[in-house]
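Right, one structure below, let's go through it.
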């Protein structure tokens, strides 16, 4: 039996912004429709030797190396906490291949309060490799596939027949001079908003259920994402500011948003039909 | 994660670095080497809040060590989170306390001085004379200030070392065999909210996160 | 006989930033390796009815509609001025198909001081359509092909066997809320730098001679572009500031840069060989 | 394109809008309705320079009409380009000059007042009372100020109209048959450097560029 991708609020955190389980005392946690974990791989990954943070106009370049202690350790430490959270949990997985993806998703089935899997795709993956990874990750839980930003407009439509119930967006990659060389990393911050809106609109127009993200910092940004066709919105660096999501919940349109989504809605979810 | 607000009373320059004075309730004051994250309450929010360190205590409030953003003006209200992380732990038995900031402002070590004097330790500060001369208040008379060149002899004298070397620890310090700690300068984008790993520090005990286990680490643990 | 793509300076202006011929009194014009014209179509194009300028963190969204009076009018008004400029002229053309491209490039052959054609590609063009457009534009002048930002990493390698002597980058497209709806346009400004460096590096690594652009505002940015593999650099909104290129020329590395390029260098131009 | 520098002497607010005073050499002063582009000389350059309009003349310098960026502080040096574009042309024979800024600050029309009075025209200013009350200096006593509701009668009286309606010209004005001009508010990113077209205005005479042919256009030409 598949759970539906039901969300009581269209606000989500992006994977990597709130840890493996949320810190105690986040009084705004209940504003989120779901808590998404940091990216988790089968085996532990240590920090990249060239990890870096470089600011640029309107954003930051961040490269950490997807640091995580591996799935077994995360489940030991956090699965019990997930069960007790006031919001559903989506577990973000990164896998080096379909078998690894299958081995990981199997361990999540039946976990209390785990409502979905978000599968990260490595940058520059081919549509064929993406499809096989997504098929590998297919399990009882609804599957959200996080697309590399630069290929999202191409990969989303290519994965429409796949087990993906919806798509989300990884931050775009960039290059900046730092410490005497060009450093590569993910880009975050308000500067990304116009491109993110563009990608969201293009996926929505192609009939792909899409969770928007990238540079959302205020109610206007949130409404623009929903107007562009996003069924929900992930917040990133905003959550590292000192107001959390602030009063973003007040900007959620009363007439609703894209979710609840069911797998059968894949081609034409209600929110996108009226575009 | 508790967020609070406080007024930035004053801003001044010390040898080109922007230092501030924060109206800070006693129960929110970070001890030496612990961190705060801060952002102006009004105006467009920065992409990330700014990392702040205590740089001394005055009757009017907490001195914020150099690095305040240019956009901050005296009188503004700051939103703040913290203190978080693990700071300097002055051994109660330390008698010869060496504070070493050979490369830049010694501000982040100054909050250790009243603690050391209170336990009747002798205190020596290694610091460039330009930064020393720029301090808004003179050092207590009991503190001896010496230039970076005198660091080797001072190490022979010290039984506890607190170091702050943002450009990387000199060999002299990493190879020192005595009891000591160093404040490691790394970015802290998530401020212990997300295990983001940007502040990861490789120690003999494995990877540590500066925002939780640091940014002050025992010299013997630093690989 | 083909001219070589020779540049005495790696600094260029992006098409659309300095008009059809430069205004009198631009005392820094001589710092440019070439002057690139505004985009010119065969027939005149009036301003888009929904033209707009919307600022965002680190940049602006600009939509004007490629306004231009058509090639015949431009040549009447400007060809004589081009002949007298202290720098070579590259003419930027936009064409609706290969025949139109051929009809336009033919009119440029033999014009005094016109050293190259830069051909703009429409957004979301397929590799096959791009190739046929590039072939249509093939003429006696060296051909620089301006790639849509989002598809550059894919289109550049696909056009390696084509008559293109080098590639440049159109600004990326974005979407922002404005005047009660989502407005679409080109994105310009320093916020674009990290992504532009990423695209430049990926083209250079694929052996494509590339002219970088996007968010360059200072000497560090210029050097980063050249380090990422750019053979030259186009400046955009910087030129609309009040200092023109400022003292950017002082940051050009003494050891040289990618150009002079010859058509035979297409696969492995000297500057990129040593990467 | 000539670039020059000048000091921003003062900044104040008029009904929430930031107005400035620029130390401006006489030969660089824009006439009513013409433009300048400006940016702070120090600090990080803005993506685009700011569009500035004259808002009056004081003995100390040129008043800059509302819209100064928040980052500008009194005392800073500005880099400036201009004046460019085509401004208001007061007909020498106009006797009943109507200045209409019914929606916002009347500042961009004020430089016409001394010209009108000098040719002994009567002057009426249509303007919201809140903006009127906020002006740093009172209007000359010969100028009559009336609220937006009184615009229809004023139109019957006027033999020349200068309008400034950033939110779009009201029908009342576009349909007016008399001699008049309007300042059209459009972005000017390239400031007449590139024929970028962002400032394009559709007129009866075809497309015009506000940075060159405007931003002031004859009412009869506006389509």
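In this document, chain identifiers A, B, C and D correspond to the written order of the chains, with residue numbering beginning at 1 in each.
As a convention for this text, a contact is a pair of C-beta atoms (placed from the backbone, for glycine too) under 8 Å apart; a residue touches a chain by one contact, two chains touch by 3 or more.
Since this is a predicted model, take the numbers as computed values, not measurements.
Asks: By that same contact rule, can you tell me which chains touch chain A and chain C alike?
Replies: none
Asks: Return the chain whose centre of C-alpha atoms lies at maximal distance from the corresponding centre of chain D.
Replies: Result for the farthest chain: B.
Asks: Using mean CA coordinates as chain centres, what's the chain C-chain D distance in Å?
Replies: Chain C and chain D have C-alpha centres separated by 36 Å.
Asks: Approximately how many whole Å separate the CA-defined centres of chain A and chain D?
Replies: About 48 Å separates the centre of chain A from that of chain D.
Asks: Averaging over Cα atoms per chain, report the distance between chain B and chain D in Å.
Replies: 52
Asks: Two or more other chains in contact with one residue: find those residues in chain B.
Replies: Chain B, residues with two or more chain partners: 47.
Asks: Got the chain A residues that touch at least 2 other chains?
Replies: 57-59, 189-190
Asks: With touch defined as at the start, can you tell me which chain D residues reach chain C in the complex?
Replies: So the residues of chain D touching chain C come out as 1-3, 37-39, 45-49, 79-81, 187, 189-198, 200, 202, 207.
Asks: Can you name the residues of chain C that touch chain A in the complex?
Replies: Touching chain A: residues 56-59, 61, 150, 153, 172-177, 182, 184, 187, 189-191, 193-195, 197-198, 201, 215, 220, 223-224, 227-228 of chain C.
Asks: Can you check the complex and tell me which residues of chain C touch chain D?
Replies: Where chain C meets chain D, its residues are 16-20, 23, 25-26, 38, 46-47, 51-53, 55, 58-60, 62, 64-65, 67, 188-190, 217, 237, 239-243.
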